[in-house]
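First the structure, then my questions, so here it is.
Should a chain be cited, it is by its letter among A, B and C, assigned in written order, with residues numbered from 1 in that chain.
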């Protein structure tokens, strides 16, 4: 029972990270109808930037943990957001009216560029960091000596995720930008005719998605203590699975899907087999897309003949 | 990264200061963006230090030169854009030359074929060229195989490497476990791969576009992960080695007395095997090509192309789109399986590292760049891509970086591929090439 | 309104119903189409006509009712239970679409050849006979090309047989779609607004084509149409729908003068329509 409780906690934390990445996928798919294959690598870049920023700050003698974390968060969000913006400008905008395969191949190409750019820039080896935040709380002392623990890092991840989720839900529901985004999702041409700056709205969607992915990258770094340049690929597919599971185009759906995937992956690794945990995630993607393509919270589409 | 200025409106070439001011402005913006992007990733280099903790050093010199390069590149890009006006190969090449080119186009295919046949003769002693030729032909075959699925039937398959892997591992296991010869295993590998193709096809029948692509990607990854983890069957990350080399219908290519060299009464040379492999893959590729061309003219091939054009209309005409899709997957998979079996026997050793998503992406890029559905286009683009890849040998990381960038640029410049038209399969009077603009790319 | 004629029915739609979630698109619709006759299905926009078509041709599964097809001298087929492609293949019901669905990247000839897919597939021995170039296959292919040529000639596109379908002018595309449907050698031809976007001359040519199809091929035709000149000229029987229900049925003249029909098209109610009619218009 305690083991299960621990796995649930771990799963929810991992799921929060996936959820943050998934939001980027779902927002972009909702507004331009494409899977941003490079988004997972944006997450990876976010992690790298967080790593480098952290390293530089520490070397300058900054040790106050909350200050360091805040600066790393802001810097990595800002720079990664710019990466997201640049990718959209260079690789997607010219192809917006082209046929289906072109932006997809362009996105795949961009994904390769980002992965190998990081590899070239930072060297191929995995970068470990010592635990930045340590300590936690023991929730329950089990009878067999197994204690259910909630680490500080886990608390931080969950709180950050909740705050950001609330912030961006407010953004989409209440602000002008959010309204523009929803308008573009439904009918781009009409939105443009009504004065919405479609280009800018789409760019902002990518920027926001990238910023959230950066947070996810930073959380990943803090939680697992390492970044490597291939982490984007697998995390990307899992996060996309989460987005589809939750219902593509739905923000709460993406987070819900993320939590679900995180839980499934953790429980699967704990109770079945660790080696095949990725296979479990990919299989879920296939199953969901075949049997439940609109996901949990999505809207069904009727084909017009 | 240059040219942060790709908006949809066209600028008239403005003479003098105002035009140049806006170019400069764009260049400054690009350089600034580059500065921010590269500041940490390039400006600072981290590495695991001697005591295991992370250290870093700065590379401001490189950062500065990169930013300067972006600045200059942006100016150059803008200037070229304004000078050429609406860019298109159509404008660069004058019409009468274009007419000649399309006439010459008909000669390219036979000329290329003859040249390919003569490669081992011309380059007999250059092992490197022969190996490169074998590599190119392998990808040409993979491209032609995927072309059936993506180019003809319009089904976006991002997991083609799975069939390649099934073919390779089938051959490896059959040959090492049962000692079957290559010529027996080859059809078996094809059958197993096409069975897998049908199994992949069934669940994805109702999926379209992006969803179909990502599910096929997931399938490809699942195969790779299963191969890595099912150690008892596949040897896991260590792969399978000691795969027997192919024989000329039982006659081995060895220096021994029962070898081909002895039989022919000529001196043995290791080059013989390479030449044999070259002609083997050439034969397999030509088989793929021939079957595809014939199938295009048969109802099944026409149904594939109709499926790509408009699936709903197909159903309204009584075509069973389920079997049409499944046969497309099965046929494409079969050719992938053949190629995989060849790959296994050429290398003598296979491991999961050869069957990554990057391979699927590479083959897909070859097909799309070639101009989907065009056999010649796929062959040319395989030659260009693999040849280009080879130029970067030794600079592995830069290779993929350039490849990725090339994919992006090619999609922006020529999204319909090199060959801009489709050849009809039946005609009353004259076969008129149909421009790619009319041909649908398929929704899957 | 019951139908007292002795009919040789090819199509009998009985209490057809189609719901999408909470929306009732078609409600208890019943009508019949006679063999070797032209039946028109008319009504204002949004009446549910294309939905009915989609039910008949199997693109939607009806939520209620039956659709029975009776082929010449053969048994009844329950269309509401069949898949879309089986309806075309086995029941021999062909259709065209409101927004033309040709294969734009293929030539006119190729479009017609695709229509003969099932026949050719059988003749090619599931491809294998075709691969080896067997004489029986070659003969079948030749016959298919002849049928395609016949129809291209019939619609006046023989000299454009090798042109891409996407390049043809709009009116030619409409006729090509009809020719393609006829190449499946159907018993019932369903046309969804075949005259849409055609000018007067093209409409007249279309009417002539449809009348000749009825006369020479003996195909029964069911068509949705807004162009009243075409409807009046060629229909033998008209069914009028509004808001998913049938509001009138009968000969073209009878339907034209029915106040309910006029009211539906004018968006007025019946009393106003009668008033307008009686005021001597």
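Throughout what follows, a residue touches a chain if its C-beta (ideal position, glycine included) is under 8 Å from a C-beta of that chain, and two chains touch if they have at least 3 such contacts.
Note that the structure is predicted; figures quoted are calculated from it, not measured.
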Next on the checklist: Can you tell me which chain lies farthest from chain B, using the average of the Cα atoms as each chain's centre?
Outcome noted: C
Checklist entry - Among all chains, which one's averaged Cα position is nearest the averaged Cα position of every protein chain shown? => result B
Item to check | Whole-Å gap between the CA centroids of chain A and chain C | outcome: 50
Next on the checklist: Using Cα averages as centroids, what's the distance between chain A and chain B in whole Å?
Outcome noted: 30
Checklist entry - chain B to chain C: how many Å between their CA centres? => result 44
Item to check | Of all residues in chain B, the ones touching two or more other chains | outcome: 312
Next on the checklist: Can you list every residue of chain C that touches 2 or more other chains, as numbers and ranges?
Outcome noted: 59, 97
Next on the checklist: I need the residues of chain A touching at least two other chains; which ones are they?
Outcome noted: 305
Checklist entry - What does chain A use to touch chain B in their complex? => result 29, 33-35, 45, 48-49, 51-53, 55-56, 59, 75, 79, 82-83, 86, 89-91, 93-95, 98-106, 108-130, 199, 233, 237, 240, 244, 275-276, 278-279, 282-283, 285-286, 289-290, 293, 305
Item to check | Of all residues in chain B, those that touch chain C in their complex | outcome: 291, 294-295, 298-300, 302-303, 305-306, 308-310, 312-321, 422, 424-432, 434-435, 438-440
Checklist entry - Which of the residues in chain C come into contact with chain B in the complex? => result 57, 59, 84-86, 88-89, 94-95, 97, 101-107, 109-110, 113-118, 120-121, 124, 127, 130-131, 145, 149, 158, 161-164, 166-167, 180-181, 184
Checklist outcome for this item: chain B residues touching chain A in their complex are 1, 3-4, 6-7, 33, 36-37, 39-42, 44-48, 52-54, 56, 156, 203-204, 206-207, 209-211, 213-215, 217-219, 221-222, 225-226, 228-229, 312, 357-358, 361, 364-365, 368, 397-398, 400-401, 403-408, 411-412, 415-416, 441, 443
